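Down below are the structures I want you to see.
In the two complexes that follow, chain A is the common piece, with chain B as its partner first and chain C second.
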Partner chain A sequence: MSAVIQFKNIAFTYTQDMPLFSAFSLTIEQAHITILRGENGSGKTTLTRLAMGMLKPLKGSIFLLGNDIASMQLGEIGQKVGYAFQSPEKQLFAATVYEEMTFPRLLLGHPEQEVFDRADQLLKQFDLQAYKEMYPRLLSFGEKRRLAIAAMLMNNPSYLILDEPTASLDDERVEVLSAVIEQQKKEKRGMLIVSHNEAFIRRHGDRIITLERGYVIDDSYR
Partner chain B sequence: MKAIVVENLTFSHRNAERPLFEGLNLEIESGRITAITGRSGCGKTTLCQIICGIIPQSIKGDLSGSVYLYGKKTGELSIAERGETVGYVFQNPSVQLFSPTIEDELVFGPENLCLEQEDIKARLETVLDQLSIRSLLYKNPTQLSLGQQQLVALAAVLMLEPKILICDEVFAYLDQQNAERVKALFLKMREMGRTILLVSHERAHVDIADTVIQL
Partner chain C sequence: MTAIAKSDPRSKLLIAFGLSTLALVFNDLLSLTALFFMGILLNMAMKAELLQIAVRIRKFLFLMFGIAVIQSVFSSAGEPILTIAGLTLIRDEGLIKALAYLIRLSTVVVSATILSTSTRRELVQGLVQLKCPYEIAFMVSVAIRFLPELRNELLDSMTALQLRGIDLQVLPIRKKLKIYQYILLPVLTNAILNARELSNAMEMRAFRAFSKRTDYHTLHMHKVDYVLLTVVFGAFTLLSIGRLWV
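Now for the complex of A and B:
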């Protein structure tokens, strides 16, 4: 099975005090839906940021689809892997919802009609069509979360990392997200999902990794 | 006794096409835990903001009708009175935290209400234990994980000991153990006669509520 993310003997610390990760190794397979769980502050978000190259390890190396991320540009990583932040706000910067969806693709020179069609389809799927012209910061929290996920999907990334995607979503919208996840899985696009949501974990997880203070304390396959 | 009475409330956000609420009436009992649920976008956060006065004070829109907190109209409460009556924990904890350290964050509110230093110290000790966040005391809010920020945002409001506590999706980022800890605390607060309004999507977390209002 091919690896999508490999942490090889990494060390990481934010401050001078206790290191958060030391001699940490973990391989995540491309085809799986891998769940990362663990108590608040155990290092889940940090691990996903390391994988995206947003944080650099002090020691060791991280491989993404076989490439050492130390030699990759952030943009290059972003093209391969879609990332949904734990706080959706961090990801929203455009003046309107529609621009949020279409701007990055248009900037990369993709054909307009194709971009608009995909944006319309995703906005419909996530029940956001009515908000096309709205300033994203005014959306309700769950609307922001849905927009952040929909905007990430515009890129058609081959792998997804979602940090607590169900936080503040209502049941109906968790269902929409679940359908998207199942569709991605059918297309052989795996993902790494950070979650506390038990029902969601049970439903989607092929592999469930539990983190505690920077260590894997449980790792089970289904 | 009613802690909150919402009377004939109509509200539209600036630029919104339709009103979010039209003639909404609600009563919330004192000393109980009341949950508010409803689809994303139905107006739960907006209602919280109206109840605690953020709307119309900081967020504008078309508002009519009245909100009474323990019999007094929200607009007629002084800032100090309002702080003692109602406390609101934001849905997004990071926007609520602004001080250089968690300690500063926690004592800021009570110092603004001009409480005695001794009293503030005692409250601080209590919330640090209740939420098990002592180890975070000298950190900067930006150095916390989101779940830790959520606990600190709750702690900052608890420091004010408001009669009515309003929590907007306070369990969203909490792990199991912290969620249980917070629920146990809410049950204890209810025993002491405090009023709690919980906004939550997750049924598993509104199980402590005496009443559930579907918006």
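Now for the complex of A and C:
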């Protein structure tokens, strides 16, 4: 089975006096929906940020789809793997929902019609067509989250990393998100999802990893 | 010397203001150099950590230096100094302009480092006691307080944008400018929302319910401040007169 993320013996710390990860190794397979869980502050977000090249390990190396991320640009990483931040506001930039969906591809010079078609299709799939002309920051939290995920799918990434996508969503919204995740799974897109939501974990997880202060304390497949 | 290091924040504010204003007004190398060395001397007397600060803002210093080099290379006025293969690279006027620019900016930087020897709170109190309206003093203090956060947010925003699949290295300059618009818009929106929240929170605690605020800490000028201010502003005056005269 092919690996999507490999942490090889990495060390990482924010502050010198309390190391977060030391000699940490973990391999995550592309085909699975892998769930990462653990208490607040156990290092889940840090691990996903390391995998995306936003943070650099002090020691060891990290491979993404077989490439050492030390030699990759953030833009290149973002085209291969979609990342949804814990707070979706962080990744919304444009003045309208439609522009939010289309601007990165247009900037990069992709054919307009192709970009617009894909945006329309995704907005429909995420039930956001009605908000095309709205300022993204005025959307509700659940809508922002869906927009952030829809926008990163514009690049047609082969893998997704979602940091607490269920946080502050009511049951109905979690249901909408679950449908999105099932759709992605049908399209053979693997995912790493940070989550605390037990029902959600049981429903989607192929593999469940529990983290505690920088160590894997439980790792089980279903 | 230790006495100068403990001088009143108001003296430092006045000196920094005078120094940076003159640096912007003067445009000849000699006066600018004199100002710059005055700034360095004052920093030493006030025990500013010039080296540490220089290391911290090194990127900005490099940028400053880079602009100066570009200015001197592309200037087309004056006599040639350096010509390579028939192509004039540096002319005397360009070089002088670039040097003046470099010294001027350095002087502004060293006048700011004088202020770094007082705490933010002392400086705000100094501004208030200099009869600066409290709103402005408060805004200055908030701005300084949020500057590092603003910087972090900009960096985060830059990262998040790149992760949307935008490879900054392959983007032509014109499109790169467009990128800055996408980054600045949300960061500024956040900053404004933060500021509004802060001011609401303060009003709820009855800030400015009474028009005259009483201060718990008040600053007092000492002999050393009067001597220092007389000497420094005396030197400023002499320099200005010298400028007019020459």
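The rule we apply is simple: the second predicted complex is superposed on the first by the 218 of 222 C-alpha atoms of A that agree within 3 Å, B and C clash if a C-alpha of one lies under 4 Å from a C-alpha of the other, contacts with A are read in each partner's own complex, and residues count from 1 in each chain.
FYI, a contact is a pair of C-beta atoms (placed from the backbone, for glycine too) under 8 Å apart; a residue touches a chain by one contact, two chains touch by 3 or more.
Fair warning: this is a prediction, and the values are worked out from it, not measured in the lab.
Peer 1: Mind working out whether A:Glu164 is in touch with chain B, chain C, both or neither, as first, second, both or neither?
Peer 2: After superposition on chain A, A:Glu164 lies in contact with chain B alone.
Peer 1: Answer with first, second, both or neither: which of chain B and chain C does A:Thr15 touch in the superposed model?
Peer 2: Only chain B; A:Thr15 stays clear of chain C.
Peer 1: Return first, second, both or neither, reflecting whether A:Glu143 touches chain B, chain C, both chains, or no partner chain.
Peer 2: Only chain B is touched by A:Glu143; chain C is not.
Peer 1: According to the stated criteria, A:Glu89 is in contact with first (chain B), second (chain C), both, or neither; which is it?
Peer 2: Both: A:Glu89 reaches chain B and chain C.
Peer 1: Name the contact category of A:His196: first (chain B only), second (chain C only), both, or neither.
Peer 2: first
Peer 1: Based on the superposed arrangement, let me know which partner A:Asn40 touches: chain B (first), chain C (second), both, or neither?
Peer 2: Touch status of A:Asn40: first partner only.
Peer 1: Which partner does A:Met152 reach: the first (chain B), the second (chain C), both, or neither?
Peer 2: Only chain C; A:Met152 stays clear of chain B.
Peer 1: Should A:Glu172 be classified as contacting the first partner (chain B), the second (chain C), both, or neither?
Peer 2: The first partner, chain B, only.
Peer 1: Indicate the residue numbers of chain A shared between its chain B interface and its chain C interface, in ascending order.
Peer 2: Common to the two interfaces on chain A: residues 89.
Peer 1: Would you tell me which residues of chain A are touching chain B in their complex?
Peer 2: 14-15, 38-41, 44-45, 86-87, 89, 138, 140-143, 146, 164, 167-173, 196
Peer 1: Where on chain B is chain A touching in the complex?
Peer 2: Chain B residues touching chain A: 13, 38-41, 45, 91-92, 94, 143-148, 150-151, 169, 172-178, 201.
Peer 1: Over in the complex, which chain C residues touch chain A? Could you list them?
Peer 2: Touching chain A: residues 156-157, 159-171, 175, 178-179, 182-183, 185-186, 189-190 of chain C.
Peer 1: Which part of chain A faces chain C closely enough to touch in the complex?
Peer 2: 52, 54, 73-79, 83, 85, 89-95, 103-105, 107-108, 137, 151-152, 154-155
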